[in-house]
């Protein structure tokens, strides 16, 4: 087996084993940390599908996290305080359906426009749509505007209780594994070959008869829906949502997680999220000026570590 | 017998410069039709309009009796037009085999299939290897495309064009940048294709053109000044004056 | 790689819960971004308070842990979670921003700890979401602008133009002044707020001027306040449209404005529950030592934070250091039996201060330094308007 | 206790032409300021093919250098004159240390690398100047007001901004249309072979262009700081809008940046001033008052999305690259 495969298995095993150990040794906070890590990793994995494998640099991906989280927050808000009976609900299945559905719809509508553009224009127009959603929620007073919305009750699911930190973690972990497997299946399929071909040379693929626009749009929608699901989990984890979660710098952070770990690889985005969150946690506990070393680290990775951490693991001779 | 491709009154200009000037041309099924002309004659512009990469300003393009003037590039490819590029255009970060397999996959219909790993599909793989075999690249199949030489890239372009199963192949200077021996091999290879596929060939290498072409069209400043078999073209005064004489 | 990460995790786990005779206090505030100017002022006041106590509350050592909310509710909640779950603090206090407080309150209260806001006072925590373990050393958001509305009535202002940032506290402030102001409101502008907040108010000032209102009410906290005052001066509205502000001209912006000589701020009016000019022993010591140490007057944020430390001290002393006796500590907190820099006050049923509000003016002190001075009492023992929505007695 | 009574705005402000004129002037002023930032961005992109998210941080650093020098020299204008070359030097250093390594990379690497640079520069500013920001005083003759004509009184300093903005625009027009450098810009190319064919040392040229871009951003920061103030978050406040400007205008196009900056300045200002009045024509005053600020905050992004939907290369795309 390749070294990268081994690394993937070992790292995922560690993610499975460590949090329960933290819990039983009385370090509940680190379970929280791991949960946030795993949820953001799902978002990064979804971004990797279009950014890494599709070559579509979306600078507005955090919008889907917000949509997913509000898809939990808004129904819970109405169920708790009354009003809008049609969407008032504590039901987890309903929340996930809305999170995934609305995210997919938003991706479809905005993707149809964004994918007409290329290069920097694409980067910037995806950001513009992210900012639109950001300002939209900032101005909806009903849902707390920029103060955000406190989610009073977590989604109700059969068999499990999301109020239990370990159960919530387990759900997020399983979701991450499924997301990784989904992306792997997609990129290796015939669809995935077209997607990757279009990343390398779009004109060539068009000449072969592929309507690459449709393939890209499909990938964009799948990615958005997957990220919306991560958002629903995040809402359940933080029990709080604010428009802040979808600003452009949050989208930049997601992009960075993918690149840091290694884009267009299986483990890359997960590893990237892990290092990102741990560095953030460690540096910010040392100094309030932690953005300085953090920024230097960011620049260092971009300047000197092409291929990200997975590039390092892969080594030279191993393909 | 009706023409496979019919171009009527095609015009295209870029900000005052006329690149395609009222071009009329018919390509018969099975023939190898060469287009020659000095640099800047508008040969590549013409090909791009045929493949759908550039929209013409006016005129009409008919393929297999259908008006395709306003169809997008990918739709024309599905009808059976493929092109190779003057400057190598391959998916550099994929393997040689994957490049060709994508062409096979394109011919087999839409690729909105998400589950089965593409590389494990025998039908795709075998046919792609077969095409690579025809251009003598089967040994390089698993290499990353970027690792191949320029000459091999040109061969890959041909393998891909073949793999699409297109009826009409638009070949834009397949000999460009090849060494003498590679050129000879390419000419032999294209000879072998004659009759099997209809080919519209742009080429600077006159030896190749006169050795291969059934008919030749001479394009100067976007205008056709002559069309005929190689002997007719050789004997044409206009051509000699406007083009061959210059060399 | 995995080993590296495990090692990194282990490195951050060194802070094991300790059982020394100490009271652990987590202080959540803003230490990064431009808003850190408020957090830094709070920090200075808290450090001064601990110094004034000799580092002890009763027999217990004070172990203070500052946490940065990064001006974001989500980050604030994470910081709070860490204080509660990892550092296992006894009190969580601080909180400048309403949204950070709202996002974080559940983490503290569900863990059965005391939560003491030193600034944020959004309506829910005073009303429906009031909680037995929540206390405030500041005010409810609406109260200060309500006092300003009352001032406007007293001064015979008949028409008003209103400007505030378009976010929850901004809207609360607008609602507050409109709740009590009896004249006409000729126009109201809610400007863009957030990461790329609008700071050029030329368009709004032009509208305000065109409206012909007799007064201009604004709420622009933090750096937007300074920016606003300057443009107000540059627009030359000082003579035609007097300025009435809340939380806009404060201890943080005044030194900057004086350095740049923006005289428009002198004589401008605001309302508040505390000013450095207030004369009582606790306040005199606080203001004098703060000035001696840092060279500026403390802001109201500093005053509220300073009070919070003494409020906690009173509770710790009341139980003789037995921090497990939550009920007795709660009773002690509720009694507000400590020397506050604002003078004595009581707690209402919702644990918000019932206190006086004053009309304040920006004037020069004896040394020519600009500061905020109380000129009249607007409300005595004012109860916030949401107290009745709170189900506690 | 019932919630606050729903307030009614009584004195309805009718559209009067004096107000409209003043607002348009304000819009043009905002537009010119945006142009100063955007021109540097588009210059760097047009010639260097480099996406610089940290351009806003240079704007911030320029403002702080100008503010500090104002207090040292006691004279705002003198401070600006000294601060400009210093900001240029900062740009030069950033080019040498960071940007040049990234030229051969793709835009994604540019975005991420300069995203890191933002954190570094903003935190450095926090360390050097503290979080509180600096209010910048103006000399008395600039701090007053001018009556342009009956009823139209505007702050002198805003006229100075308009004047400076127009002068810089004229200077850039000359640069783009009548100099060798301008030829490169108009050729719309990050075409290195062509640059070297002209016998120019590319490495130096790129560094100078970057420094010029930095100076333009710094100038904008210095001009805005007497109105708002120099603060560590000001970079993040403008950078996205500046990007919207160059995207709408067509990246690399100076003309596009100018027109888009003015249009966005006007739309933003007029939107803030008149949108709620306009909305009241077809919805209730309450609904208009809540939706107008939301829409005006989203307005420039909506405009950008609409323009890109129809013209994926912006309004004035430079020649095919």
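Observations
Every chain is named by a letter (A, B, C and D) in the order it is written, and numbering of its residues begins at 1.
Here is the rule we use: a contact is a pair of C-beta atoms (placed from the backbone, for glycine too) under 8 Å apart; a residue touches a chain by one contact, two chains touch by 3 or more.
All figures in this text were calculated on a predicted structure; none of them were measured in a lab.
Any chain touching chain B that also touches chain D appears here: A. Comparing mean CA positions across the assembly, the chain most remote from chain C is B.
Chain geometry summary: the mean Cα position of chain C and that of chain D are 34 Å apart. Put simply, the C-alpha centre of chain B and that of chain C have 74 angstrom between them.
Taking each chain's centre as the average of its CA atoms, chain A and chain C sit 36 Å apart. Each chain gets one centre point, the mean of its Cα atoms, and the points for chain A and chain B are 43 Å apart.
Annotation for chain A: residues touching 2 or more other chains are 138-139, 141, 249, 289, 291.
Counting partners per residue, chain D has 126, 236, 240, 293-294, 297 as the residues that reach two or more other chains.
Contact of a single residue of chain C with at least two other chains is seen at positions 32, 36, 166, 195.
Annotation, chain-chain contacts: A-B, A-C, A-D, C-D (touch as defined at the top).
Residues of chain D that touch chain A in their complex: 45, 51, 98, 101-102, 105, 107-109, 111-113, 115-120, 122-124, 126-127, 236, 240, 243-244, 247, 251, 290-291, 293-294, 297-298, 301-302, 304-305, 308-309, 312-314.
If you check the complex, the residues on chain D that touch chain C are 1, 3-5, 7-11, 13, 16, 18-19, 22-23, 26-27, 29-30, 71, 126, 130-137, 143-145, 153, 155, 157-158, 224, 226-229, 231-233, 236-238, 240-241, 269-270, 272-273, 289, 293-294, 296-297.
The touching residues of chain C, counted against chain D in their complex, run 32-37, 40, 142, 159, 166, 174-176, 178-179, 184-192, 195-200, 202-204, 206-207, 210-213, 223, 226-227, 230-231, 233-236, 252, 256-257, 259-262, 385-389. Across the complex, chain A meets chain C through its residues 7, 10-11, 14, 18, 26-30, 32, 36, 138-139, 141, 144-148, 150, 238-240, 242-245, 247, 249, 271, 274-275, 278, 281-282, 284-285, 288-289, 291, 309, 313. If you check the complex, the residues on chain A that touch chain D are 51, 57, 59, 113, 116-121, 123-125, 127-129, 131-132, 135-136, 138-141, 248-249, 252, 255-256, 259, 289, 291-292, 294-299, 302-303.
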